[in-house]
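Structure record follows, encoded as structure tokens.
Order of writing sets the labels: A, B, C, D and E. Residues in every chain begin at 1.
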Amino acid sequence: METRSHIQLRALVKVWTAFVVFALYLPVVCGALAGLSKGRYFGFPIRIFSTEWWEKTVASLEIQTLVQNSLLIALIVTLVSVFFAFFGALAFARYDWKGRRLFQKAILLPIFFPQPVLGLALLLWFNALGINPSWQTAVIAHLVWIVPVVTLVIAIQVYSFDPTLEEAARDLGASRWFILKEITLPILWPGIWSGALFAFLLSWGNFPLSLYTAGVDSTIPKWLYSKMVAGYSPMVPALGTMSTLSAATLLLAGGLVITLLRRRRRDV
Amino acid sequence: MSVAMISPPLSEAETDAGAATLAKAVPVLQLVDVRKTFGDFAAVDGIDVDIREGEFVTIVGPSGSGKTTLLRMLAGMEAPSSGYITLRGELINDVPADKRPTCLVFQSLALFPHKTVGENIEFPLKVRKMPAAERKRRALDFMRMVRLPEHYYAKNVMRCSGGEKQRVALARAFAYDPDVLFFDEPLSALDYKLKKVLEKELKDLHRESGKTFVYITHSLEEAMVMSDRVGVMSRGRLVQIGTPEDIYTRPATRFVAEFFGEVNSFPVKRMPDGGWTLAEGGPIIVAPVDTAMGDTATVIVRPETMRFVTGPSRADNLISGKIYNEYSLGSRMQYQVHAGERIYLVEVARAAASGLVAGDAVTIGWDARDAILVGD
Amino acid sequence: MRSWWETEMSVLTASHEEAAAKPSHLAIPAGLRAAAPVILLLVLGFLAPLVTVAAYAFATPKSFDVFRSFTLANFAAIVEPSNTVWTSFVWSLSYALATTILLAIIAYPIAYGLNRMFGKWAGLVSVLFVFPLFVSENVRLYGWVLFFIKNGVLDGGLKWLGLAGGPEVLYTPGAILFGMLYVYLPFMLFPMTLGLAMIPKDLVDAARDLGAGRLMIWREIELPLAMPGILIGMLLTFVLGAGAIAESKILGGQSVITIAQDIEIAFTYAQNWPLGSALALLLVVIVSGLALFILSRLDLDRILGRR
Amino acid sequence: ARDKELNILCWEGYNSAQVLDPFRSSHAATVKAESLTNDPTMINRLRAGETKLWDLINVNNPWARKVMAPAGLIKPLPRAEFEPYFDAMLPNFKAPYRWAMSDDGKDLLGMAQRFGPYSFVVNTDKISKSTAEEQGWDLFNDPSIAGKYGIQESEDWNVFNIFLIAGINPFKPHGEDDMKAFSATAEKVFKGAKMVGDMASLNQALVSGEIDLYMTGGTYSVSPARADGYPNLRAVTPLKGPIDGKGGISWIEITSTVNNPDLSPLATEFLKYVQAPEVAHTVAFAEGTFNPVSQMGNPKCFELFTKDELEAIQWDTLEEDMARSAEYDIVPDYDKALELLTAAKRLRG
Amino acid sequence: MSVAMISPPLSEAETDAGAATLAKAVPVLQLVDVRKTFGDFAAVDGIDVDIREGEFVTIVGPSGSGKTTLLRMLAGMEAPSSGYITLRGELINDVPADKRPTCLVFQSLALFPHKTVGENIEFPLKVRKMPAAERKRRALDFMRMVRLPEHYYAKNVMRCSGGEKQRVALARAFAYDPDVLFFDEPLSALDYKLKKVLEKELKDLHRESGKTFVYITHSLEEAMVMSDRVGVMSRGRLVQIGTPEDIYTRPATRFVAEFFGEVNSFPVKRMPDGGWTLAEGGPIIVAPVDTAMGDTATVIVRPETMRFVTGPSRADNLISGKIYNEYSLGSRMQYQVHAGERIYLVEVARAAASGLVAGDAVTIGWDARDAILVGD
């Protein structure tokens, strides 16, 4: 039901959203400009444009390794943390059990911890256990911090999950696995998707934990950080722009494929 | 009633005699002192009953009397707080729903909102790994059975109307095809005609499959037409269980009598000679009852056994009054008659309605054999 | 013995009313089973670091003899009147609080729009919020430097158009807040959007039908039902904001020293791990104390009628 | 087992492809190098147990001798094998080179390569080189400069600088009055700073005109800007100052072998590799920052430097700048001073 | 029927004559060609009707016929795809629900899950900024009215039984107290007795308040007893609207006739002489009808106007057959009689039931005046 005030509100919300999106991209665009200017130091309008930094970035074997490391870590962290957090969220928001209150609080603790301290402490711990730090230990470190976050995110949706649906499915003879696959997962999917996105982004962009726990394996944020602080060159913003663009391409293409598939499968 | 005789009563709460003779049949479900408490409130407060293989048992009772809770325990959705539930002799208190050969049609339907009508119905078939084509064929069969159009197969179930949803829930349970089916007001959102059609389908299914049905309804007609036995619940207890005929004609308590429709009830006192007198004075003639009765009781006379007494016709009991109001109930007319402090209800077939209008003085009467004497 | 997997899966269907009194074939309640992987992870991955940090916090200042010394000296140093580190705590918590409140206000209309107004565009709009996040926050913050700096995009652009230059906003406390709003927006927006999606449309219709105006519907229906999302968004924002450092370093020119930076200095230039650990521990205690206090006042279980 | 792998913890430059790739291919080795941006963080990694991981660590001069060696984090090099390299270096580095040796002078702890003066950087369009050199640290005592300068987040040097601005020799033990003066100076200097940041931000701010000068800066930090077409930006070393007359501070990187129980044999190979003239030149101009290298004492190396490169690293004044600089060292009451400095920073807000 | 006469019909679809005389009363709601489509399916397919101030209009119709959709448009939950809805003369197509003096009791209830029973009921009072104490007092009044115990005030509404929830929804709407109330099957989950009680409360409320009620039900009895007019929907259209009496005794179509209960229907053909003959052969006597009729039609005979013809009694039409089945419907007995290819239904009062059993040969008959001739 549309009223004038509602239409006004809608317009207001649209304008506001557009403004925030604009603000969100403004620094990314500035970075893109910096990556395309020949000079190491930025000035606007740009004096001389150059694709030199892009070429260097693309050509860099080192950066390829970084992207691989970062991707690998982020993907594993995403998968594992979503798995852990999915059940964690059920324990957090769905089941009534004795330790629930405690669990709800304890799970927050890792998030409250300053990440560099957590990273350093984890490094001490890994070394005490005789584990050589590497990207695998970084995965564990990321998990310690990210699983609680993802648990919270998924819990948002679990709060509104109707348990009678699982009861009904179970009553119809479905096994646990089947219920998970057919009922729980699809219904909680938006929350899981959000959680996965969080997991990926938090891992992909994580610097403080990777710094201490990735050992000799470097990641994009580690590289960017060191480049930014000493040895800045427009490869830094160039890599940033590339990340945004590739993410956009991948996500949009993926989204398109999913939409098309879905449209083909279901018409009503 | 032809079907009513198939399954005489078994449980303690029963009123029917001759039960013992058939007790050898193993009950499919046996409830012993089953209780379910929420906090300190007992939603189900000690129920004992045996349900035999192939029986169609209907549970009726006021809103909040514990019907749904009882069914949820039987289906394995909820564990009893105390007592025992056995299935074919095995204790199943803690057996989860998927390990019981039972299925519940939820009062709340519990349809899967992310699935189509077809996918909802196919769910139990998919569980059983039936091939997709076969599944679809079956789903369409069940859709036909509940009178859902074929093109609903691909419809988002959340876009269905209330009654359509209810039918999807029903079809889904049929598709599962378990030994014991529980129904929680499965036809409540359907129109009269469709309800009749599906009652018949249900009855046929029951008869042909030999499955056990436990059915909750608020429709007296449904209970009467479909059930082998009807159980009446009140405040978490089963106050009476027996054949529909029994329940209707020999209600154990005033509660049961009144529950099954509007009745005329007269508080009565016992006289020294063993007969009864109206509490407000005046003799009353009733048929003798075998049950022990206290010094006060209630005489129940159903509106349809009340009649207007005119001319030569007679009745065992007579009361004079004035027509206060008349209602058409479709096939019947109901009259409210003012007499003394009370209003009496008289119901007659539309065809027999005698053109009486409000204000007319009338005499109403009933026969002793139509009066039911119940304890309080 | 059932495999762990099976045990895990059995969680899914166990009734949430699972009666404790009943002798079930598996005595472990469903909730605990569901929580088990997370608990295991945290016990293995977090308990030890936590203990280590705690041990350092009580070790001799400036030393590395953890587990061999015990002293309250680090805490004593922190609370000593001449020590101004409390200002860093105050700054960090104030920034975190301001960020949380402002972001709630900034993100709500967007979350609302994504759920109710943008229709089929909602998906696209929401991924628009995602793309920039693939760039490290440092780089994005640096983008703002390029925008605001003298002869940067704003100033240079204005001058190019023949106007006076841009305002001086960089390297100020305000710039830090701005940076925090920018960086933590997704942590508020996404949970909030998810939370708002949990409001059944029917209920809003019903409330409106009962005469409730927009404000009333918002306060009585939308807000409580979206509360899990809003609260979790606020919690994440607050916690991350309290540990923020990059915004001050990159946009703020360190016009304000946050507690995270004090901790960093203790671990790096000061090589005083015990002091750093004590500060970190204190931060955890303060932040968790505040967060849990607020959470206990706004009990989700109660708001949502689960208890 | 580790003869085909090498892990290097270093300042930026050594982790560049230009330096590493030839070594990788010639040794068919996996070389991983991580560049961190301050000494203590690198040393924290070793302290936390990563000595098992790394083979080489490259930090500023005092850390090897005064911190890492006593803590057992690094191990000595074979003197006979490595000391000859020092002889080919610039004159200051002749063996036994102090910062490469253990305290007791017995062990060779690492090799020297990059170095540079590190005091402050000015935009000579705003403040002339001569004014800056003459006024030296007093520049920062001038109230009119408030809001026009930046400070690099490099707290060890900032401690030196604040002492110097206060007119105190940082490397001597300090009395209460010294510390009071330090504190007051720190508060004033930090309060007056337009910004505190990393060197990329400072250079950008300098180029943009946000600031006219920044402290803790030298050829190391300003060379990329100079190479990028801003010769007006210059590292300046004060003519005089309170450190036995010197007003500047310089740094020398020392690369040491980590006390790794399973040290890669490639570690020492690599140390030798970077001594080669071509490699040394590459190290000097590896991506990021540009620095003089001690190997410039070898004419074969020196001739590889172009005029522009020499211009970028201010070769023309390098010798005098170094002569006016004391070497990076440990301040006796560093802890206390750092505390005061941090407290002063807090007053910025 | 006393109340039925208060509000004669107004709309085109009506069957009652004399409508024009009362047309001056301003309709509170006027619908002109209202349509609602979902995709290319028209859930409501062109409805014209006027509802007068103070009327009690009941809408009935098969599951999926568009009743809920219609009500949602009237309440402002959904905008019509085309057509006009006016409220007291003003177009309200686009007026949102909170700006209409109307309230809908949802079929899905739409209770606020995070609020207690009391808070749910108080919601509209809170909207009106009523002080808390007063609010609670009123909420308790309404709880009493719908027969919810006082201690439910603080009960979590999601822990209530199906019928309890339905009553909370009802009480909440009462508390809002708008000029026009819409009810979507508001009593469907209640037991017979409670239903009766609440029907009476609803009727009283309607009478005393003078408000306009639009009511959806599947209960014929509810429709008959409560309404001034009953509208019958089918496939998104209003096929007939009129007094309950009208609808029952003068159904416009076979659909309407059959919708209101099980009937015997005989396809008939017109004979050259203007009379009618059964489609399968044989003459049939029917009362003349005024409406124009095609060459084929259907004769409807309700089971309760069918009777067993024995001894001296006569009937205009007679058929012989065999008893096939008998059912007790509580106060009445229903017999299925096999004759030729068909099964006929005969319903008699329990008291008048004549001990017939399956297999008995019987003659059934009905009078011409009880036969209803309808178009197809």
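Following the convention adopted for this analysis, a residue touches a chain if its C-beta (ideal position, glycine included) is under 8 Å from a C-beta of that chain, and two chains touch if they have at least 3 such contacts.
For each chain, UniProt lists the protein as follows: A, C = Spermidine/putrescine ABC transporter permease; B, E = Fe3+/spermidine/putrescine ABC transporter ATP-binding protein.
Fair warning: this is a prediction, and the values are worked out from it, not measured in the lab.
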{"item": "Two chains joined by the most C-beta pairs in contact, as defined above", "value": "A-C"}
{"item": "Identity of the chain that, by mean CA position, is farthest from chain B", "value": "D"}
{"item": "Geometric centre distance via CA averages, chain C-chain B, whole Å", "value": "56"}
{"item": "Mean-CA-position distance for chain E and chain D (Å)", "value": "91"}
{"item": "Gap in Å, rounded to a whole number, between the CA centres of chain C and chain A", "value": "14"}
{"item": "Numbers and ranges of chain C residues touching at least 2 other chains", "value": "13-15, 17-18, 142, 149, 151-152, 225, 267, 304"}
{"item": "For chain D, residues contacting two or more additional chains", "value": "41, 44, 198, 204, 208"}
{"item": "Residue numbers of chain B (touch at least two other chains)", "value": "77, 96-98, 108, 159"}
{"item": "Residues of chain E defined as touching chain C within the complex", "value": "75-77, 96-98, 100, 102-104, 106, 108, 110, 112-115, 123-124, 126-128, 156-158, 172-173, 176, 178"}
{"item": "Partner chain C, residues of chain A touching it in the complex", "value": "10, 12-14, 16-17, 20-21, 23-31, 33-34, 42-45, 83-85, 87-88, 90-100, 103, 105-118, 120-122, 124-125, 128, 140-141, 143-144, 147-149, 151-153, 155-157, 159-160, 163, 166-167, 169-170, 176-177, 179-180, 184, 190-191, 194, 197-198, 201, 204-205, 207, 220-221, 224-225, 228, 236-237, 239-241, 243-244, 246-248, 251-252, 255"}
{"item": "Complex contacts: residues of chain C adjacent to chain A", "value": "6, 8-18, 20, 29-39, 41-42, 45-46, 48-50, 52-53, 106, 109-110, 112-113, 117-118, 123-125, 127-144, 146-147, 149, 151-153, 155-157, 160, 182, 185-186, 190-191, 194-195, 197-198, 225, 228-229, 232, 235-236, 239, 243, 260, 263-264, 267, 276-277, 280, 283-284, 287-288, 291-292, 300, 304, 306"}
{"item": "Interface residues, chain C side, partner chain E - complex", "value": "200, 202-203, 205-213, 216, 220-221, 224-225, 303-305"}
{"item": "In the complex with chain E, residue positions of chain B that touch it", "value": "1-2, 38, 60-64, 67-69, 107-108, 159-164, 166-167, 184-185, 188-196, 218-221, 224-225, 244-245, 248, 258-262, 302-305, 307, 325-332, 347-352, 358, 370"}
